[in-house]
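Notes for the one structure printed next.
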Amino acid sequence: MSSYLISSARPEGGEPADILVTDGVIASVGAPGTLEAPEGTETVDAAGAVALPGLVDMHTHLREPGHEDAETVETGTRAAAKGGFTAVFAMANSHPVADTAGVVEQVWRLGRDAGWADVHPVGAVTVGLEGTQLSELRAMAESRASVRMFSDDGKCVHDPLLMRRALEYVKSFGGIIAQHAQEPRLTQDAQMNEGTVSADLGLTGWPAVAEEAIIARDVLLTQHVDSRLHVCHVSTAGSVEIVRWAKERGVVVTAEVTPHHLLLTDELVRTFDPVYKVNPPLRTDEDVRALRRAVAEGVIDVVGTDHAPHPAEDKECEWSCAAHGMTGLETALAVVQQTLVDTGLMGWERVAQIMSHRPAEILGLSDQGQKLEPGAPANIVLWNPEGSTTVDPASHVSKGRNSPYRGMNLPGAVRATFYRGHPVVLDGELTTPLAR
Amino acid sequence: MSVPEHAEQAPGSTVSRVILSTSDIDRALSRIAHEILESNKGSENLVLLGIARRGFPLAQRLAARLEQIDPDFTARAATGQLDITMYRDDLRRHPARTPQPTLIPDSGIDGRTVVLVDDVLCSGRTIRAALDALVDVGRPRAVRLAVLVDRGHRELPIRADHVGKNLPTSSQEKVRVLLRETDPDTRAEGHEDCVVIDAPVASDPDVARDAEAAGEGTSR
Amino acid sequence: MRHLLSTAELSYGEAVQILDTADQMAAVSSRSVKKLPALRGRTVVNLFFEDSTRTRISFETAAKRLSADVINFSAKGSSVSKGESLKDTAQTLMAMSADAVVIRHASSGAPQQLADSGWIDAAVVNAGDGKHAHPTQALLDAMTLRQVRSRRTGTPTTGMDLDGMHVVVVGDVLHSRVARSNVWLLTALGARVTLVAPPTLLPVAMDDWPCEVSYDLDAVLAEAPDAVMMLRLQRERMNAAFFPSEAEYTRGWGLTSQRVQRLEALGAPTVFMHPGPMNRGLEISSEAADSERSTVLEQVSNGVSVRMAVLFQLLSGDESTPYPSEN
């Protein structure tokens, strides 16, 4: 395998350094111009760029198998590479649902064959996401996909007894339940956040309490059975307070926020453009500010994209029959820079934490989310924080065109992504996948 | 709407001249009143319909004169207003005006002689629209046309039976009739009623010459 | 005005202009020749994704009185059930050279999507979308209220607004596009609006609504308001626990004969309005519906006039070209 000298990058935003990558690992890191590079080393000029460990997305919808018109493992992981991600967790709501060892192994293998990023399938908690019977969680854990995270994402495991059993059961193999917190009765026919905007627009409201009530119940259950809980896409100020309270009481709970909930509000729904329809819904400005603070304070652990591509016909229709979800892999880091870094809430070392180190830690990955130090796997994203780009979904490599940032100016750009020592993105363009 | 549409049309960079004064207008209306009685051989069966908006006060004034001349004529019972907004042929090109009420005398217009009254006759399109509007209201025995000013530029085969003043104009000019009933704020100083010509202050030397040739401009 | 999507976007001046125009349209409707040539050669499509014979007939009559060609396109269920999409339907209509599309849809926002999408360039008139807006209903209610005021004061309706009138809207505000559209329009015209409903049938966050809210109908009626507008109550709501029983709803929020008698005793000027169709015995008693105070039939005929005015305003000219002073 070839070697690369990344010159004058700023590791996690620190002082400029050269990084020598050889045979898929970081060979050495040193002051610019001080490293001894072997014959044939290709130099990648990273002057001005921030070097971050390859990003890890705990929350991606790759749509395969079953919804290949929306996305495939191939196109989804290309989008991941383009956005600086070297590992993604593929949610289970495919068709068939990823509720057996067979399906999760298939997804895992598709990811390996694609070679753009690590693909870790998420197993369904219940058979068919139906919320009635536990899936064969242990079989998925012991499969080649080594599933550790289980979620019915898109649906809530709303039966309290079933949730309790799932939390207990996964303890036997170090698993974690990732809950999509949405009380189903309180959100019947819900179309958007319940508040002043829903009152004006006559769209059925989705109250914050429907999310908060489930989170409150689940942290108590988690404490009671001494297990681990991950809360997907926290979207309200009230949820933040419950997670904070639980953490203070020592509950092993981690929380995630999406880039779109850090930037967008329900005021956008006034356009009735279904590109803004998402689950959980866009909330208020007050919620956005609380979520940003919670990430800065560490109450929320990670940013997960909830990348949810949809074919055009599922968004070019009436609001009430449009699909929920937004794409996010190719814009996540830009939104994080805009909402958390450019606002002075955090520096790049914290960005590395919330988008790489911490997700890898939660999920027990040893080959992702490591410090950029000699011996670590060479998963690196070079991010140019200067300048800005107007988002054009037509230029995205994801099949999904449903980006809510269409037409917005977002800061920064991915200059290169190294996946296991191989540059899958160079000069901002996809190159070749990793050959195995 | 307090500002009359005609007044809005007077742009800043024009020279305005008063062509007919209050007394000119009074004399013209008196003459038209006599002509109407003469051609109708009396006031029997006469109905005066003013075309909204400025035709209506003119029709009322004519009716008042008819009543003075011929006591058998009752002005109130024989005067009305015709709104032609919905019958215009240029509705696609121009924004909608709020229609004015069409007021038809209680006795109707069937079998009667209707005199349409308007302020300015130009292309003839307003009168064409008025004739259509009239058809939807009833079937008069005859329709006559009386106008205060005829400025030429006809685009349809229409002529007036009674004209207050023939006023040859260039097509760049605008003729505005300003009446106390419809234009309380925009009349020329010292005039209860007046007819005004607006000529563009021309950056185009040809137009400027035309304006000079037509007489010395007095801006107000 | 390019489209009519909601009353929230109507300015005071635009609203008064539509009402003044509607008054003149009403005069035409009382002649023997009830037709105007204004929209001759224009095509108006009634695109109804939701059944509403009353509203469709009202728009159809309005368009025909203005001499427009009318195409009725009943697309009930076709879009929502994943048949033909709104986009394809819209493009089909464009291929038929529609000048205006009157759309009724169960999904809030569908008319705005049609107007904003770039799929069509016709004028879009919202004939009721989900629980969002029903602007022509609010305009006909405003027209009715002007007439009520005109009768009372003896002044003509032209140019009139509703300054100082007190209008009470009673019933299922949560699910009502009529209530939403009326709140914005009537208050823009100067009326004071009070919404009365059980708390379950009100939105939880109405902070920016320019109206008062009460749960107590009797207290509000004691103020002798100028008008009480009863909203239609869908009986199905009971199943979703919005109220315990029809009898309890009627006792609390129905315009019962006892309430009518109390208004009579007060000598209140109150008129009774209802957008129809009425649930007699539920939100409104027969005594109220058939009383002298009821304006229900006036509302229906005003509906045609208002829709004529709206179609005329939308389809005549574009505001970039000023009127020439031709005669």
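For clarity, chains are labelled A, B and C in written order, and residue numbers in each chain start from 1.
By our rule, a residue touches a chain if its C-beta (ideal position, glycine included) is under 8 Å from a C-beta of that chain, and two chains touch if they have at least 3 such contacts.
The model shown is predicted, which means the values in this text are computed figures rather than measured ones.
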Third chains touching both chain C and chain A: none
Most distant chain from chain C, judged by the mean position of its C-alpha atoms: A
Chain whose averaged C-alpha position falls nearest the assembly-wide average: C
Centroid distance [mean C-alpha coordinates] between chain C and chain A, Å: 46
Chain A-chain B separation of Cα centroids, rounded to whole Å: 74
Chain B-chain C separation of Cα centroids, rounded to whole Å: 39
In chain A, residues with contacts to at least two other chains: none
Interface residues, chain C side, partner chain A - complex: 8, 79-80, 82, 85-87, 105-110, 112-113, 116-117, 129-133, 175, 177, 180, 203-209
Touching residues on chain A, where the partner in the complex is chain C: 191, 194-196, 198-205, 207, 271-273, 313, 316-321
Footprint of chain C on chain B - complex, ascending: 5-6, 8-9, 83, 85-88, 90-102, 118-123, 125-126, 132, 136-137, 151, 174-176
Contact footprint of chain B on chain C as seen in their complex: 17, 20-21, 23-25, 27-28, 31, 33, 35-39, 66, 158, 312-313, 315-319, 321-327
